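One chain, chain A, links the two complexes that follow: it is found with chain B in the first and with chain C in the second.
On to the complex of A and B.
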């Protein structure tokens, strides 16, 4: 990017020529007013929407927060019948399902990305990448339906009893195998976020210059060592952004999780026990909420979820921007 | 003696190098095999899901399923026509709001540099990651609660808010693909900026704009959560119908859910394939 000598900041990624810079400083002619007004109108409308969203979510959860106080955030009881509202258990459920889903998604997604970008023969990598890209478009409700009708009986009868019998790890999965559970919800979230994770990290890997691989090979590295020691570290920021995005999506998914998690707002005794997340609780409690304090409390759950996801996404954006050279590739794939 | 030791030292080095190479090759083989297994583990459930939806849905799918209105439970011959037209109406209405707004906001970002543009860009990026259920709550608090009425308009508004940030960023990226020379040439010819935006920027970026907007539409079509808070009846949108029928224990309701899921899937995949084709035509033209 050329140094800014004109006093007009260069736009990201584009060389600002002298002519353009001069034009940007000149006042628009009379005939330009319409164009200026509609441009500002579009941007202004979007800004109004963003501000209105923040204000209305905060405003509508106000009643719940004055009722329960700041303790709403960590209070562990969600019992509308007794007038007790707290987000604590649901936050735990949200973080737990997201964490378990990421334990599945990160290694499998990264392995798949490395396979597609670095290791697989071209005839296989091309169609597989297209397939994964198409699968990213599958609506989450369809994944939820599949989880509910197909996976639930399989989990209740085979997967959960098997996991409970695994030595050393069995305690994670002990207890009655119902089917709907934290584990099943995490698996559904994993299936849902995998295509995005694969597509983004594959793009990040592919954006690493070929010279990096050649240099590693020339030093005597095997193919795998080149991938492990040269390519993956160079693509780190893109991979981190992919994980962040997957985390954000997993935390925010509501309908599909509500279909398979069993919806019991209590501390789960194991991963095979039913639970609830912020999103699933909003879906389930909303229709039954008593007008006023009940509705406000459900909206306050949304406010907590909004805070969590915005924090994660803002972190992801910061990572992407700090990524420097590989930004183009990942930013393109993020769309 | 020195000759002998040099030879044996060379042997030692060679043996060590051989061991290292063997170890690294074995590790590499194992790791590569694990990556292939990961790829299989990633693709298998997705293909199973696709296959299951198609085979279950195909059993239900028929012409009358598509064009008949839903019947009360127990009465055969019902279809999902209201859900299909409902989704089309809501998404169509949302597009009328979102496409022009996004285009203008993207032109704003394209023409302007500085802090204001950076803040807007950042808001769009963050809003893209906001869960759709929160956008549903927003539409509920803004339109449903004050008016005391669930409505298509509220649902369309929710979907428009959902699509806006995605479209703005996609539109801006599309405009960035236009060579700056062309923009300057337009201005140098004495054209007004609005004219250049229309004839050079928008026209040149058109295929990219189409791709980006199609992908955003595909996402909106498949959304459920925003509709849950804004529509009065599940019969008014495909995704909502899948949710309510799929969670019922009656086999007939589940069949409807699978049939609807297949129609929805076909719709969404068609949109993303169309987007892929548009993108492919661009890359071919660029060469």
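On to the complex of A and C.
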């Protein structure tokens, strides 16, 4: 580094302590200038790219929005062949698949995380965590292919007919057992979001002080009661953050969902009926060659998906704040 | 998988991507020694090196990589003929991405590939949107669309006509023992089994051809979809289920009992599917095979990119859902080496390469169509507007 021009400041490497050093640091040389430029430049560039992306998405979806009006958001028809474009049914499909996926993944993910961090012997916890990590590394298209090739026939021939025959719940699963369905898409989404759910909740559980567990145990709680009454409540905010991230991932997934949902843009009559989501509709229509309203509508779907994701994230953040968890390392890191 | 959708879906949004496309195009045209190759070819133009028609003209001296994208239906054919061509002409490397006809059209419009391929020729407005000038459309194969099914108890070669097919795909026929199906197949015992109709979720050539056939033969279909113009995007998307590409539809049919769907015949053959006999304009029920698809192609006596429809042709032996696949290249080639390699490749594909067609579920091009393809290839030009090939 170059020597200082002022002559007052110490050269680099000279030890200066305390407040003086902190004051000097801002003017301590060219390196600091470069760092400042990189810092502001990087942040600025990132902001510019995001804003440019938003502007171009808004601009390109303009034609669809002027064509269909705000009704695009809830219009029930998505039929590109007839030139009818509306996102309503796709929004329903997106929210439905995400909700069902969360119903599946939250208990399983939380249970796995609690098992790994609280109950599992070390020789088992290590390999099991590695397995969950491996699952996170599987590309979504591979999960989708697995859903299409392996799960589809099982769902069509066994799972869906069985569910439809369950006495009190059959109405939820009625209709023809195609295989590809809202339910199958939700299962695939649950598999894809499981690693997120497990890894983040486990971190949150691990951040709960040992003293909390010991206190619960000392009061006569069983291990299960200690986990349920003391550890999980203390890690609540971290677990909520895990769910928020999993929800975001599930809503935005497109390729894998398109392979297993049946791509039927209609309000599903049951959980085993085929459906369509914003993501799957984008995948199927992106190559539509005709420029104009078709392309614009597909981009508008992206804009709607973006809004939905932002809304869900904001909701999650609000929950975190109102939940008032003081611990939960993951949540703290995320905020 | 992320990059492909981005370059398509956002193609009009991000000028940056267009810029990348240009850079990529420049990259591919200026591969390795193209500067010298261009010089050599320019001076040697009148020489016989660039005459087409020799069985294997593999005199390409510089290595060239040809990148293409487009129809999924032609993939089994292209895969085989490109491999064989590559064995003989080791200087030419060919990459083909079977992402669908719509992608083939978009990519050639944007100039991100050396050639595109579409089951349906480009329309006037699509041609006008091409960024690199005049697009030449070369018919390269003749195929059919099979109506394949996997329904235990249903006999092979089930007879179906337009109105019945329309009923299956618009949801008014939902069971294999429906009276409408039974009426066409007297004597056959049909099982009480739910029909699971599967169609293409993406815009497709086979979907367009079947839509055309149903429009021609089933008035109720026209009423239902509200138009008599066929569409690449399947018009009855809320009936049955949609799967992506021929592979997705074929996967679904092969593993689901009660299913019926449409795939390029080449895929039906590969998968060993049971196919329906379809009623043609002469009143005969015809199974898809090399002979019946060739018969449909033979009716195309005045084939051109604007007169390409060979659906529901009149001959007694014709399979009614057939089509030609069209390779799309720019007439003006910025790199002479690339242009010559393209011309040689596709001239071989439409002549000697057709020998492989039958085994793969396609029919060889009729002589008049091969001649059209050859004369179209002769229109290829270098960047200065001079023809690349001597006739």
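Operating definition for what follows: the second predicted complex is superposed on the first by the 273 of 335 C-alpha atoms of A that agree within 3 Å, B and C clash if a C-alpha of one lies under 4 Å from a C-alpha of the other, contacts with A are read in each partner's own complex, and residues count from 1 in each chain.
Operating definition for what follows: a contact is a pair of C-beta atoms (placed from the backbone, for glycine too) under 8 Å apart; a residue touches a chain by one contact, two chains touch by 3 or more.
Keep in mind that what you see is a predicted model, and the values were worked out from it rather than measured.
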item: Partner chain in contact with A:194 - chain B first, chain C second, else both or neither; value: first
item: First, second, both or neither for A:119, with chain B first and chain C second; value: first
item: Chain B versus chain C, judged by how many residues of chain A each one touches; value: B
item: Partner chain(s) touched by A:67 [first = chain B, second = chain C, both, neither]; value: neither
item: Which of chain B and chain C A:252 touches, first, second, both or neither; value: first
item: Contacts of A:179 with chain B and chain C, given as first, second, both or neither; value: second
item: Which superposed partner A:299 touches (first chain B, second chain C, both, neither); value: both
item: Partner chain in contact with A:286 - chain B first, chain C second, else both or neither; value: both
item: Which of chain B and chain C A:229 touches, first, second, both or neither; value: neither
item: Residues on chain A lying within both footprints (that of chain B and that of chain C); value: 56-57, 59-60, 139-141, 148-149, 254-255, 259, 282-283, 286, 298-299, 302
item: Partner chain B, residues of chain A touching it in the complex; value: 8-11, 13-17, 19-20, 23-24, 28-29, 31-32, 34-35, 38-43, 45-47, 49-50, 52-53, 56-57, 59-60, 107-112, 114-116, 119-120, 128, 130-135, 137-146, 148-150, 191, 194-195, 198, 221-225, 228, 245, 248-249, 251-255, 259, 279, 282-283, 286, 298-299, 302, 305-306, 309-310, 312-314, 316-317, 331-332, 335
item: Residue numbers on chain C that touch chain A, as the complex places them; value: 1, 5, 8-14, 99-100, 102-103, 105-106, 109, 125-126, 129, 194, 196, 201-203, 225-227, 231, 233-235, 237-244, 248, 251-252, 255-257
item: Residues on chain B engaged by chain A in the complex (per definition of touch); value: 24-25, 27-29, 31-32, 34-39, 41-43, 45-47, 49-50, 52-53, 100-109, 111, 113-114, 117, 120, 122-135, 137-138, 141-142, 145, 161, 164-166, 168-170, 173, 176, 180, 183-184, 187-188, 192-194, 197, 212, 215, 218-219, 221-225, 228-229, 239, 242-243, 246-247, 254, 257-258, 261, 264-265, 268-269, 271-273, 276
item: Chain A residues touching chain C - in the complex, by the definition given at the top; value: 56-57, 59-60, 79-82, 139-141, 148-149, 152-153, 156-157, 176, 178-180, 254-255, 258-259, 262-266, 274, 280, 282-291, 295, 298-299, 302
